[in-house]
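First chain A sits with chain B, and in the next complex the same chain sits with chain C.
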Partner chain A sequence: MTYLGQVYAILWKDLLLELRTRERVAAMGAFAVLAGILFNFSIDQTAVRPQDIAAGLIWMTLVFGGLLGVGRTFHLEAQDGAFQGVLTSPTPKDAVFLGKTAANFVLLYVVALLVVAVFALFFGLRLGTHPGMVALALALGSLGFVALGTLFSAVSSNTHMGETLLPILVFPLLVPMVIYGVSATARLLADRPIAEVAGNLRMLGAFAVLAVAVGAVLFRYVVEE
Partner chain B sequence: MPSTAPRRSDPSSVEALRTPGPDRPGDAVPALSARGLSKEFGVVLAVDGIDLELQAGDFLTIFGPNGAGKTSLLSLLAGRLKPTRGHVWVRGQPLRPGETVWRSRIGILSHQSFLYADLTVEENLRFFGRLFGLRDLDERVPRRLEQVGLLDRADFRVRQLSHGLRQRAALSRALLHDPELVLLDEPYTGLDPHAASVLRGVLSSLKDGRRTVVMVTHNLTQGLELASRVAIQVRGRFGWEGCRDDVDLDTFERFYHGVVENGAA
Partner chain C sequence: MPSKRLQTTGTVLAVLGALGTVALHWMVFFWTPTEATMGVIQRIFYIHVPSAWVAFFAFGVVALCSAVYLWLGDERLDQAASSAAEGGMVFTTIVLLTGPLWGRIAWGTYWTWEPRLTLTLLLWFIYLGYFLVRASTDNPERGKRFSAVVGIAGALDIPLIHLSVVWFRSLHPTPVVMKPEGPTLHPDMLVTLMVGLLSFTLLFLGLFLHRYTLAAATHLVAVRERRAQA
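Right, the complex of A and B next:
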């Protein structure tokens, strides 16, 4: 109970701070909307069917926009040594990681749904006959992304390069997520049978579980002096 | 008396401080002890072979110039840093950095507040209380806030507090879990005389005989007020150490400068 209570405390605190400051969701949300507008003008919809390229655009918008928010995971923590207060508490480091990852997941998933809504608005995108499965694919991809993003955000926050280092560290590791996420979403948007998507969803799930597990194990080595 | 002896204190007190050991026969288990404690940062030797032994009720004040390694020493005693050499014991048990079990017994007050500026004072205390696994937060949080005179500002965001009030909030956070070892790093920094007086009152309440307090400060007067033991750290090691009763307040400043100059030479 204490362990889960500690995870929940971190999650609650991060979401409350975001509710007060709105700095991360606002940045990610604004990016999603602006990206949707720019894609709308940059793609000749008489030559290319939006339905055919929407999956890639959605995931790229999510990755680039998400990085804006996830990259600032430890920004507020650095103010007045607040994170040192967390580290000097008896909270296991993996509980800290899980709490922060859970908070980032909630924030990014809100943005993921916003991205889909933006593309539906600008491209007249239909979610196919399985919108729930699209939501599941985005959820699994978002979880894997925030797990890696949280871990490497902690790494980059300890360096002089700061947030500029984060994409260099994270993007190569996101390749499997992008491949299976785009593939699953594209097939779902094309109304292909669920059986064609199941394998991609399983790989996305495995990627998410692996990212969370690796992050939970490695996080202590990143934050301990 | 230091004014006539700019060296280590009398043999008995030196022995008490320099021959620690949780397994020393015939003694009560020390609340906090360290032996040969050293910390290197690359080529910089921040803490150099420090020995100490403190019993419950002891209040050790460590003076020293900038860069003497005082904060590094506190971080070692708190288990926040891994020593390059040496060991720390809390109640006779070795303190291992990374282990979380000790942290519920240690309270740390730094010159940083360790608080979230966009949470209220009460939200901060409740958050840290949950991290420490405390269950009676409904009673404990108001009690701590009242102790530091912040009950009427419980709903203020930390960002809205002056430095002095923020330091009081930080103290209530450090003491929330009723730690038996309290580590204070320059707690008076930036406080006006009134805020310093309030803080002094709260710190004096820590001298209840069951807590061990280690305070690092530049301020000689404030540092000596509450101390039962005193040390001067220079270049990572204790240049002088002794009991507060050995110290003559009128001549301590001159003595302190002598120790610092001798240690720096």
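Right, the complex of A and C next:
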């Protein structure tokens, strides 16, 4: 089996598991919609325009909702020692990490698009003239987020603090993603020219690449016995 | 005990550092000239900047020892990394306490989202994660590996965090010592700063060596207990 084949096998296994249980996507999706509803009541729409603050709220919903799902990456497999089976298979540990990160990415990206749809529906948010670029910013941010999230979810799920530890480990490292992601999205929603967000998108991409590389290298030290 | 000599070195360095710190305080209060625009409050700079240097230097030690620990698996590297992390967290706390005191007078606010403040605050939280991970694993070997992963990921992310927060906003005084055209500080101020940097570094190294020998001794006790039980 080729390396990519192994990554794909892990990715498909995780997606299939999610398709059958629908636990994590349901939790994250419900969180996104409910957060949108609460945000509606938390904003005085006569004082601020939702269009102006939507970018920050979208990214925060994504971070908090994403943590909910990503934190449970290893939850199902921890039961009955299923993950031990994955680890004892000849698949390299970094292929396991890449497969799981890819599966988490698919889940989180679906939720990210749902979050934007919720904001468009509830707040009448207009996506500006470059909706494709908004989608790209969300994709790059989601990729960096799930890479760090998957790595530290493997850490936190093996501690007795469990998922409560995850935000403490991940949030400080997510600062670049939030800064570049929110500013790129805010500018796109405000119809500013593409040239103003190119730099931010490049930094988001750099963050994602670094996060995936760091995770792929360090993952084996987290899961080995 | 092979660590006897290390312990002695640690004591010597710590005493030198402590004496230097006393001398530094005398210089700060009685010797160095008062800065023209900021006034007396600027004197906190001689405590603040050396602490910041040690805080980030210690994190460098943590990251380096953690990386080599994961690579070679030598116990001593983990003990060095965690000892440096403890010292680093103390000095990061000093930076975060002295900075706002100065900022209240010089900027008129305790806290602003200025890049270096933000980075130091995040560094403190990365240190916190490092210790929480260690403390909350039942298997100590696992805790060591987990905290090493936190240290390395933190160290690799810090340049990106720095870039992003600089891009976000900049208000901190620009460097007055490390710049291409040479330092613009008054010579007496520069001397005071150098004394501060030297004594805080010695103090850190002294405390670090003591903490390290303590960690090594604790490890030895654990190993012997296990052997006695077997």
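Worth a mention:
Criterion: the second predicted complex is superposed on the first by the 224 of 225 C-alpha atoms of A that agree within 3 Å, B and C clash if a C-alpha of one lies under 4 Å from a C-alpha of the other, contacts with A are read in each partner's own complex, and residues count from 1 in each chain.
Basically, a residue touches a chain if its C-beta (ideal position, glycine included) is under 8 Å from a C-beta of that chain, and two chains touch if they have at least 3 such contacts.
For clarity, every value in this text was computed on a predicted model and none was experimentally measured.
With both structures placed on the common chain, the touch criterion links A:155 to chain C but leaves chain B unconnected.
In the superposition on chain A, A:87 contacts chain B only, with no contact to chain C. In the superposition on chain A, A:172 contacts chain C only, with no contact to chain B.
Applying the stated contact rule after C-alpha superposition, one finds that A:2 touches chain B and leaves chain C untouched. Using the contact criterion defined above for the overlaid structures, shared-chain residue A:13 touches chain B, although it does not reach chain C.
When the two structures are aligned on the shared chain, A:38 is found in touch with neither chain B nor chain C. Of the two partner chains, chain B is the only one that A:79 touches; chain C does not reach it.
Of the two partner chains placed by superposition, A:194 touches none, neither chain B nor chain C. Of the two partner chains, neither chain B nor chain C is touched by A:48. In the superposition on chain A, the residues of chain A contacted by chain B and by chain C overlap at 224. Within the complex, the chain A residues that touch chain B are 2, 5-6, 8-10, 12-13, 16-17, 20-21, 76, 79-82, 84-92, 220, 224-225. Residues 75, 78, 80-82, 97-98, 100-104, 106, 108, 110, 112-119, 123, 127-128, 130-133, 158, 173 of chain B touch chain A in their complex.
Chain C makes touch with chain A in their complex at residues 70, 118, 122, 125-126, 128-129, 132-133, 136-138, 142, 145-146, 148-150, 152-154, 156-157, 160-161, 163-165, 167-168. Contacts from chain A toward chain C in the complex involve residues 148, 151-152, 155, 158-161, 165, 168-169, 171-173, 175-176, 179-180, 203, 206-207, 210, 214, 218, 221-222, 224.
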